[in-house]
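We just call them A, B and C in the order they show up, numbering each chain from 1.
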Amino acid sequence: MLERLEALRLVDHHCHGVLDRDLGPAEFEALLTEADEVDEAGIELRGSMWDTQAGFAVRRWCAPVLGLPAHASPGAYLARRAELGADEVNRRFLAAAALDVLCVDTGFTPQALLEPPALGRLAGARSYEIVRLERLAEDAVADGVGAAAFAGEVRSRLNAKARSRDVAGCKSIAAYRAGLELAGERPAAADVTAAAGRLLREAERAMAGRSAPPRVSDEVLHRFLVWCSVDEGLPVQFHVGYGDADADLRRGDPLLLTSLLRTVAPTGVPVMLLHNYPFHRQAGYLAQVFPNVFVDAGLATHNLGHRSPALIAELLELAPFGKVLYSSDAFGLAELFHLGALLFRRGLAAFLGSGVRDGAWTGEDAVRVAELMASGNARRAYRLPGT
Amino acid sequence: MLERLEALRLVDHHCHGVLDRDLGPAEFEALLTEADEVDEAGIELRGSMWDTQAGFAVRRWCAPVLGLPAHASPGAYLARRAELGADEVNRRFLAAAALDVLCVDTGFTPQALLEPPALGRLAGARSYEIVRLERLAEDAVADGVGAAAFAGEVRSRLNAKARSRDVAGCKSIAAYRAGLELAGERPAAADVTAAAGRLLREAERAMAGRSAPPRVSDEVLHRFLVWCSVDEGLPVQFHVGYGDADADLRRGDPLLLTSLLRTVAPTGVPVMLLHNYPFHRQAGYLAQVFPNVFVDAGLATHNLGHRSPALIAELLELAPFGKVLYSSDAFGLAELFHLGALLFRRGLAAFLGSGVRDGAWTGEDAVRVAELMASGNARRAYRLPGT
Amino acid sequence: MLERLEALRLVDHHCHGVLDRDLGPAEFEALLTEADEVDEAGIELRGSMWDTQAGFAVRRWCAPVLGLPAHASPGAYLARRAELGADEVNRRFLAAAALDVLCVDTGFTPQALLEPPALGRLAGARSYEIVRLERLAEDAVADGVGAAAFAGEVRSRLNAKARSRDVAGCKSIAAYRAGLELAGERPAAADVTAAAGRLLREAERAMAGRSAPPRVSDEVLHRFLVWCSVDEGLPVQFHVGYGDADADLRRGDPLLLTSLLRTVAPTGVPVMLLHNYPFHRQAGYLAQVFPNVFVDAGLATHNLGHRSPALIAELLELAPFGKVLYSSDAFGLAELFHLGALLFRRGLAAFLGSGVRDGAWTGEDAVRVAELMASGNARRAYRLPGT
């Protein structure tokens, strides 16, 4: 099974850009997991992020890509990475991922990251943009739209995106702001205008006080944006579950989306639940009972490292095999493109291969559903060419 | 261990009737999992429900019962099923389940299903009825009871059921309506009358508007019905966790029942938590700390197919081995009686057998607790003859 | 790996005292799991607590320590235990645990238990006290402090504890009372005084009515006590997840602590999440994203018995290996000191050893992180001598 999966190029339906500059040890460690960089006193208490499943997976699987022996020490790894330089490192890991398609969320850029076309070139893959809904709305506010014109302006900007051949879908980060407990109904126009008005007044105060512009964090606005995407026929990705300390993980339980999923289902627009850990079984349930819901185990796959096969097996308990997608959710470090892809292939091969050995399904069926999860499901859901 | 378990006839303490007519491909697929039937456009997006753990398990384990090779294609399977006819198919699968006792929930009949006696004959097993509490109340309303007489009428109907030798217990579907967060106290009589009045007014409006009669969905009424069952000394089953898209899975977390379980515990009336996935570990905890709480993994067992051994092992972490029951939760398809029983026996054998191999317990103890879970616990809890 | 782990002495950072008198069969069974003792009618329905993972683990691993063959029957076990006497039994099991340090929660003493120094002598280990915060406050109330003086009195008592070389930290049982959903902000002094006033009036009423004194169960007071501990620089343990029927498990989800963890993090004072099951994956997430959060799987480890390796592996998915501690949470039965330590060593050895066999990490790294989890992390977090 593993050989068959290694021969399959993947659609990575949710990832971010990588940094194209050299990284110091603390910076590298901060990008390795969802833990933030901390000061030295904090590190003394906390210990090293290399001593995590993600850290050991980098030493095991990434070191050889840089020409080091497996299990190279963190120090040796960082020295070799610096020696090769960011360009070469990025090129090696993106090529090693063996991707066919990349869908890049361009909405989170605390630092300059490689853009989708550049990522695509390094990966030898077709790249698409995933539009971050909240950012699109925040940009409209920054550009001075009025409350009454807000909804129309957002719709118009999204329509322009939808008409681009380079845009594959949208993403909501409601989980990081208001939480996933979004109401089922479309918000009334007056409610959207009122919420936009509140956001605009916050923006004015921020400008007057020279503080950071406000972020969309109103349930009405998150919900409005999701419906805008649905109305354009653009698949909607949701951040679900696992993320950094900014997220309130409790409000990222995918079951909180149930009401909204009920009302979106009849539109037939795909909804993608990203990451999901530790709520991946709940996500698998939603993928089974709603015809338009898809799931993945991105981010968690590389963070669980040696344990990722258990995660993949649990996701595949209730999730139909035609509803599971691959994503890396790589951010910042090119290593994460390689690790995500490698661990997904290995975990899926272990799962499908053990089923073949136990006689649960045939090798032929195993290869067929492996192709679905590697790329077929994503091509169908996003209507990518070459389906 | 497997041979020993295959020799044990089971008490299936929660199941439904099966359809006794031939089924089209879409209808069969809709009954295979908790996903509803969808139109063709939806199916194109969603993919086939045969590509699920349940679908692969049917091809692996049910095809041979119909005289086909294991892993027969869905098309070949459905053709053979049609060729044999519903009667023969039902007979084969119910016999293959090797049951001693069937407890049949007769409260959900969107279509005509085989009744408990007919099921019992096909299975060669004693059959009992499980009374659906909400349906009993809705029937009283349909028969024109007034608000003031409602409580008495419900109690009287339930008392008649309790006096029947063919009734083993009751079932609450609060999880599908108000959710499992039921208060601990008995509802006051005035509150029950008021809630009944609201339901009756809804029923009048529905009749006037020729729409469907209302359903019990008021926390007070769910709770009242549970206490009626307790007062009759009838064990109460609760739908918990996994179900179709109508259920709000979040409100089906068994921990929501904690307050009610605390007040019911001193009565000594057994409470059965059904299904439980993905909250089966929480259910196992409740089975440990409350002396009258029992648990099963019905519905999820056949839906998890090849992964069901993992579910059974997780359920048996905290749940005492004297508190675990077997149920299929089969509905519509006779295949599910066979699959549930087969996967339960295999999963339990794998769990107990690995413990014997690792020296965690003796073979003798393993057989003893296997007998408890296969039938002894159910016989004790429901006070079935032959205990 | 197992040999290496067996050679490591452990820091048991959270345990209780044991009973130093002989125990009847019902009493022993009640101490074996989190189920309460029940009357005979209840036991007939419930079945034996020996038929649990904990019960089988005692028969497998504790019987030989008493000179019986593995898998001795419950009757033979209890007879041999009585024959040896409580002193000898306690001595054998505490020695068998091979501990270096014991941190003893002295706040829950429904019966007389061995005190930390006596436990330490039996174990051949250094013992520390863990101060139960709610008990300290309740003692101040019992001693007649007024509402206005309450905060100062609590701080002063805690400061005396903090200055003792025998105190290692504090513990909050908010999970058993108000629940873990504590606000992030420090409570205002006026709010603490008002809450103390309410508690004092309850205490007066209880004294007048000769009923039991009231317990701290006000969110403001729990939170105040946590900040008192933080201000003293004392690590704070939280009961999380699994416990007896008194706990409302839903309110024991560690994610409910997120707001408080965000505000405590900058202080650098360690927070220890105890037990965690079945929310151990959520706890692992918190240990990853907050630099000062540590986790363990105490109580659950011995209650899961043969399944405890699965728990340990799941905890180690997101929890950095530098953030995982060992605890037994032993209470009452000396057996639980031995079982907890043995199952932790075996589960961790299985986890680390399988990684070495699969090439996920080297044997050298495995031994290094084993030492961290066995004692190094606890020594660092509690600043124990010999770090």
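By definition in this document, a contact is a pair of C-beta atoms (placed from the backbone, for glycine too) under 8 Å apart; a residue touches a chain by one contact, two chains touch by 3 or more.
Please read these numbers as outputs of a predicted model, since none were measured by experiment.
To overlay chain B on chain C by their CA atoms, one rotates by 120 degrees, a value rounded to a multiple of 5. Interface chain A/chain C: under half of the residue numbers present appear on both copies, so the contact uses mostly different residues. Between the Cα centres of chain A and chain C there is a gap of 37 Å.
Among the residues of chain C, none is found touching two or more other chains. For chain A in complex with chain B, the touching residues are 253, 255-256, 258, 262, 265, 268, 270, 281-282, 285, 288-292, 313-314, 316-318, 320-323, 355, 358-362, 365, 369, 372, 377, 380-381. Per the touch definition, chain B reaches chain A in the complex via residues 33-36, 38, 41-49, 51-53, 56-57, 59-60, 70-71, 242, 244-245, 248-250, 277-278, 303-307, 310-311.
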